[in-house]
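These are the structures, in structure tokens.
Shared between the two complexes below is chain A, which pairs with chain B and chain C, respectively.
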Partner chain A sequence: MSSLTLIFTVLAAASSRASEVFGTIRRTILTPIGRVFDFLLAPVDRAFRPLAKVFNRTLGKFLGTVTGLQLAFVLTTFLLLLTGGIWGASIIAFEPGEGLIALDIRRPLAYACIWAVFAMGWDIQSGYTGYISFGHSVLSGGAAYTTAVLLNEVSSTLPLYVTAPISVFAAVVIGLLIALPSLRLQGPYFSLITFAAVLLFFQATRAFDILGGSAGLRITRVIPAADSFTRYYLLLIPMLLIAVALTVLSRSNYGLIFTAIRENEDAVSAAGINPTKFKIWSFLISSIVMGIGGVMLTAAVSNVDPTQFVQVDRSIEMIAMAVVGGIATVLGAMGGAFVFFLLKEVVLNLFIDEAALRLFVLFLLVVLILVFARDGLFRKLWHRLGQIGGEEP
Partner chain B sequence: MIGAIATAIIQATLVSAVYALIAIGFTMIFGVAGVLNLAHGALLMAGAYVYGIVVMRNIVPSMTYHPAVGVIAGIVVVAILSLLLYELLVRWVEDNVVITFLSTVILAVASTEFLVWIFGGQNIRISLIEGQFALANARVAYYEAIGFAVSWIAIALLWFYVTQTDDGRSILATSMSERGAQLTGVNIRMVRAKTWIIAGALAGLGGMFLGFDSGLSPLMWLNPLAVAFIAVVVGGIGSIKGSVAGAYLIGFIEQITVELIGNGFRGMPTLILLVGFLLFMPQGLFGREFAHE
Partner chain C sequence: MSLLEVENLTKKFGGLTAVDNLSFGVEEGEILGVIGPNGAGKSTVFNCVMSRYDVTSGTITFNGDDITDTSTHKIVNKGLSRVSQESDPIDIFPVAGNIRLFTLPNSLLSLYGGADMEEIASYAARVDLQDKLEETPDELPHADVRRLEIAKALATEPELMLLDEPFAGMNQQEIRKLSEQIESLREEGMTMIVVDHNMSGLMQLVDRVVVIHNGAKLAEGTPDEIAENEDVQDAYLSGEEI
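And now, the complex of A and B:
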């Protein structure tokens, strides 16, 4: 018992020492840097204020109101995304031992678009309603496997406009199968069922021969891998459409009720609204988005296998992306997916050769973000930008 | 036919004993701290790997200690890891259920990647002692019999500790009413730390016996975590007695499924059981023992 007390004392001392260090860093480094940014960005805010006023009057009802600087930030981001096929062809990076090198990051950018769809799909259900799903890879994987089975069993020449709607429909059916029994329950039970659903689907891929076992099913790519430019835009455009649609949804009454369910479900019931109905709606919408994402991923690869599509790690990665960007912020989840994916495929690649170590470092970073910035990077950034424009913190 | 049934029953009993070890720690942490620790599977995995490192020649050639040393090392190391998990991570986020959920599960995935990095993704065999004996037509490996005995010894010790000593009763009291326990002078912080240590020790023990059965692999945390979940829901969240009963129920249903349908369908009937319990009996079999405020 005395050793236990000793461990406690050491830990307590370490934690108080750590908070002291953080305080010093904040006072001497972060705050002055923040002031410099405030000083530099204030003119930008003023320049964009008239445009922001127009935006708030016309689109504010659907997309939410912004300050000048926030609008400038959104516009810059979208401009960067829209021109990604051009500047992504060669960015300059620093590799230890090699010096400055040119990198083509259009492939990671293209895949980040798909994962952004997944992260937003997870966010609109789990992030907004607070019913955390660990099983969203079942939905995207269900859509992917439907496409692959159709191509393998019916005809390998089925066009996308036939397979895609059926696959999205399959995702919705799977979603309803999970949601109808489990969303009547409160608390952690829902998460348990979704977690078990992933394990079950993973097992099913091995139990049924039609699903191809652990080797998976081979298919022909719809989007050719050779042309990075076209592939990026073919994946970016659906992603942007989904981002806009989900943002509108999250700012509508539906989004409000989803948030209310997360904050206080009893209050939602007391207001005469059936929370179960809206929880199922959110899951349904999420299933559609996940289905579309699954179809997008299937179109860009040549093999549908359990490791790439179903395994629980995939669900956790979606969650990690949404967490990095900010839970319950559709666009934050989108940004989080890009940050996560570019960190994983580009930035950490430069420093760490070992794939597993790279992921380990990445997931530890996500845990740190959860502990120290649980609102997510993009939500923090968004409010900081708003403060410069005079918005209340 | 009779022989096959006897074999199945014996196998199921042996498997269930290990499941019980896995589920108890998970349920205790939920009962006392109100935290669903999704990194529980990672703790199990840590136990198995520590044993492998200390004892097996094929992992670290210079370390080949006696298996007993390995078992003790596994228990102690995982107990410490469990305490560190609480002190360094869970304590800072436990006010928010969603963040606790997410951070523990992401930590579990991070531990998988860590093990892939250090040991590679392949399955590594570990063993306690070789050999087997016959019991009513069934072949029982020595390690399975030891696992069964160890499981019940651990349960008995835990029962004695929680019901017969003041120290243990403070844990029980905290799980029933944190406020009440605090008013009678129980140090809640210490109780929580003890709970995490005990849960870690049990997880380390259970993890080792899982490892003897199916080897070490970086994804070995997944299925046991699902088993712990289901056992806890079936038995009633927070109830130790219930989680033991739940573990045995799952072990038997799995074994029957494997015998009658095939190994590929191992998890499916238990999932149906889970959904059934959630819908019609969400409090579980013994749900009232550890009532949480």
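And now, the complex of A and C:
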């Protein structure tokens, strides 16, 4: 008992000390750095203001309005993504013990595109409506397994334009099977169903021979792995199209209604809007996106297996990506996927050799972001950029 | 035919009878007051009318349609809207966004339907909120939040509005202002049912009064008749002050 008290006293002291330290860091380091950035970025904001005006007048209704600096940020990101196939071939990194080295990160960049699709697909449903799914990999995995089974059981030469629509359709069917019974109800029931669904599917992949067991199903790559340049662009382009499409939807009435469902579902009914219909609709949109993501991932690999495609960890990673970037933002979730995936596959690799420890540190970082930047890195950044342009905090 | 007809409405929660075989109607263009002490079952009646609760027995008809088991959003789209006792605006939307939500069509095909800023401002203007469209509800004083609830209800273009304790928590001046606004809504042709446990505030406003006590109807009549009714006085004296 007394040792417990001691532990709590130490913890309390440590946490108050930590918040003190954090306060000092904020005062002496972060705030001055912020001021320097404000000073440097203010001219950029002014330079892009005319362009932002044109953007807001023409595309603002569909994509949301921006300040000069926010537009500059979006354009820079867009340019970086579009040129990733070139600069990604050789970036300079620092590895302890080795010094400066050149790294080809086009493979992780390409896979990050796929995970960005997953994170955005999760976000447009769970992030916006607040009905949190813990089993979104059941949708992408469903599409992937449909492709793999078709290739193995029907004909290994079936082209993508045949397997892809069927696979996306399969994701939609699975989505309906989950959404129809569970989304009629309010509350945590839906989350539990999605969680159970992914566990069920994971077991099914191992229980039924047609699904290949834990070894999975071998398939021929549609996107050749040898050509990193082409692979990156074949995955980047559908990702960008989905990002634009989901941004448009999130800025339409859908976004308003989905958010209202999260904030106050009874108010949605009182507004004469059927919340069940829109909840199921959000899940269907999400299923389509997850289906496309599943097809993209399947096209880039030579084996569809339960660990890579279904296991509940994959669903949790999608959530972590959206959380890191900012829930209910679409583009934040996309950015979060890149941050998360590049941390996992590139940055942490430089410092930590052991895989398990790497994942531990990765999820520790996710928790820290949840504690210190609850709204997500990109939402925080976005508002900060907006403030430099004189937008209200 | 009455605009809204509640017939033999009973609502039980387990062994407790919250509403007991209650019948009343409201005519087009009138303001009906429903009064009774706290816990008399007034809000439960509204919850049954709006299908927030399933009724135990009885029927509710609106404009001749049986709406007893119709879901809430369909009832709203038929022209019935309710202002809840508890304000529940969405704090992350500004006033305009809160009102706009109530103008959106219940359609998956409508990406950009619903009221524009001008229409939203006109709903807000009917309760004097037109200057606060950009503010979020948590920045507003209590009386304005209550008015926002009315603006939201108005935005669904109702024929009949249910107002549940609209004056709760307001001071005398705010009550007077809101009474005037309700009065002018009536002049525009709106039918209303106003629930309150406080008789005095309501008597100037309403055409007719139904008094509920322990879930059952105790009396019905003009405000003057009710004020002199001995049963009503007894009920109130035993429970709350008038």
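In this text, the second predicted complex is superposed on the first by the 384 of 393 C-alpha atoms of A that agree within 3 Å, B and C clash if a C-alpha of one lies under 4 Å from a C-alpha of the other, contacts with A are read in each partner's own complex, and residues count from 1 in each chain.
The definition used in the following text is that a residue touches a chain if its C-beta (ideal position, glycine included) is under 8 Å from a C-beta of that chain, and two chains touch if they have at least 3 such contacts.
None of these values were measured; they are calculated from a predicted model.
J.: First (chain B), second (chain C), both or neither: which does A:V268 touch?
T.: In the superposition, A:V268 touches chain C alone.
J.: Just chain B (first), just chain C (second), both, or neither: which does A:E354 touch?
T.: first
J.: With both complexes superposed on chain A, which partner does A:P181 reach: first (chain B), second (chain C), both or neither?
T.: So A:P181 only meets chain B here.
J.: Is A:K61 in contact with chain B, with chain C, with both, or with neither (first, second, both, neither)?
T.: Only chain C; A:K61 stays clear of chain B.
J.: Mind working out whether A:T259 is in touch with chain B, chain C, both or neither, as first, second, both or neither?
T.: second
J.: Looking at chain A, which partner touches more of its residues: chain C or chain B?
T.: With both complexes superposed on chain A, more residues of chain A are touched by B.
J.: Does the superposition put A:I327 against chain B (first), chain C (second), both, or neither?
T.: In the superposition, A:I327 contacts chain B only.
J.: Let me test your reading of the model: by the given contact rule, A:Q203 touches which partner, first (chain B), second (chain C), both or neither?
T.: The first partner, chain B, only.
J.: Identify the overlap between the chain B-contacting and the chain C-contacting residues of chain A.
T.: Shared contact residues on chain A: none.
J.: Please name which positions on chain A make contact with chain B in the complex.
T.: 4, 7-8, 11, 130, 132, 134, 181-182, 184-185, 188-189, 191-193, 195-197, 199-200, 203, 206-208, 312-313, 316, 319-320, 323, 327, 354, 356-357, 359-360, 363-364, 366-367, 370-371, 374
J.: What does chain C use to touch chain A in their complex?
T.: These residues of chain C touch chain A: 50, 52, 71-74, 76-77, 81-82, 84, 88-93, 97, 100-102, 104, 106, 108, 110-114, 152-153, 155-156.
J.: Residue numbers of chain B touching chain A in their complex, please.
T.: 36, 83, 87-89, 92-93, 96-99, 101-103, 105-107, 109-110, 112-114, 116-117, 121, 190, 193-194, 197, 222-223, 225-226, 229-230, 233, 262, 264-268, 271, 274-275, 278-279, 282
J.: Looking at the complex, which residues from chain A come into contact with chain C?
T.: 61, 249, 252-254, 256-257, 259-260, 263-264, 266-275, 277-278, 281
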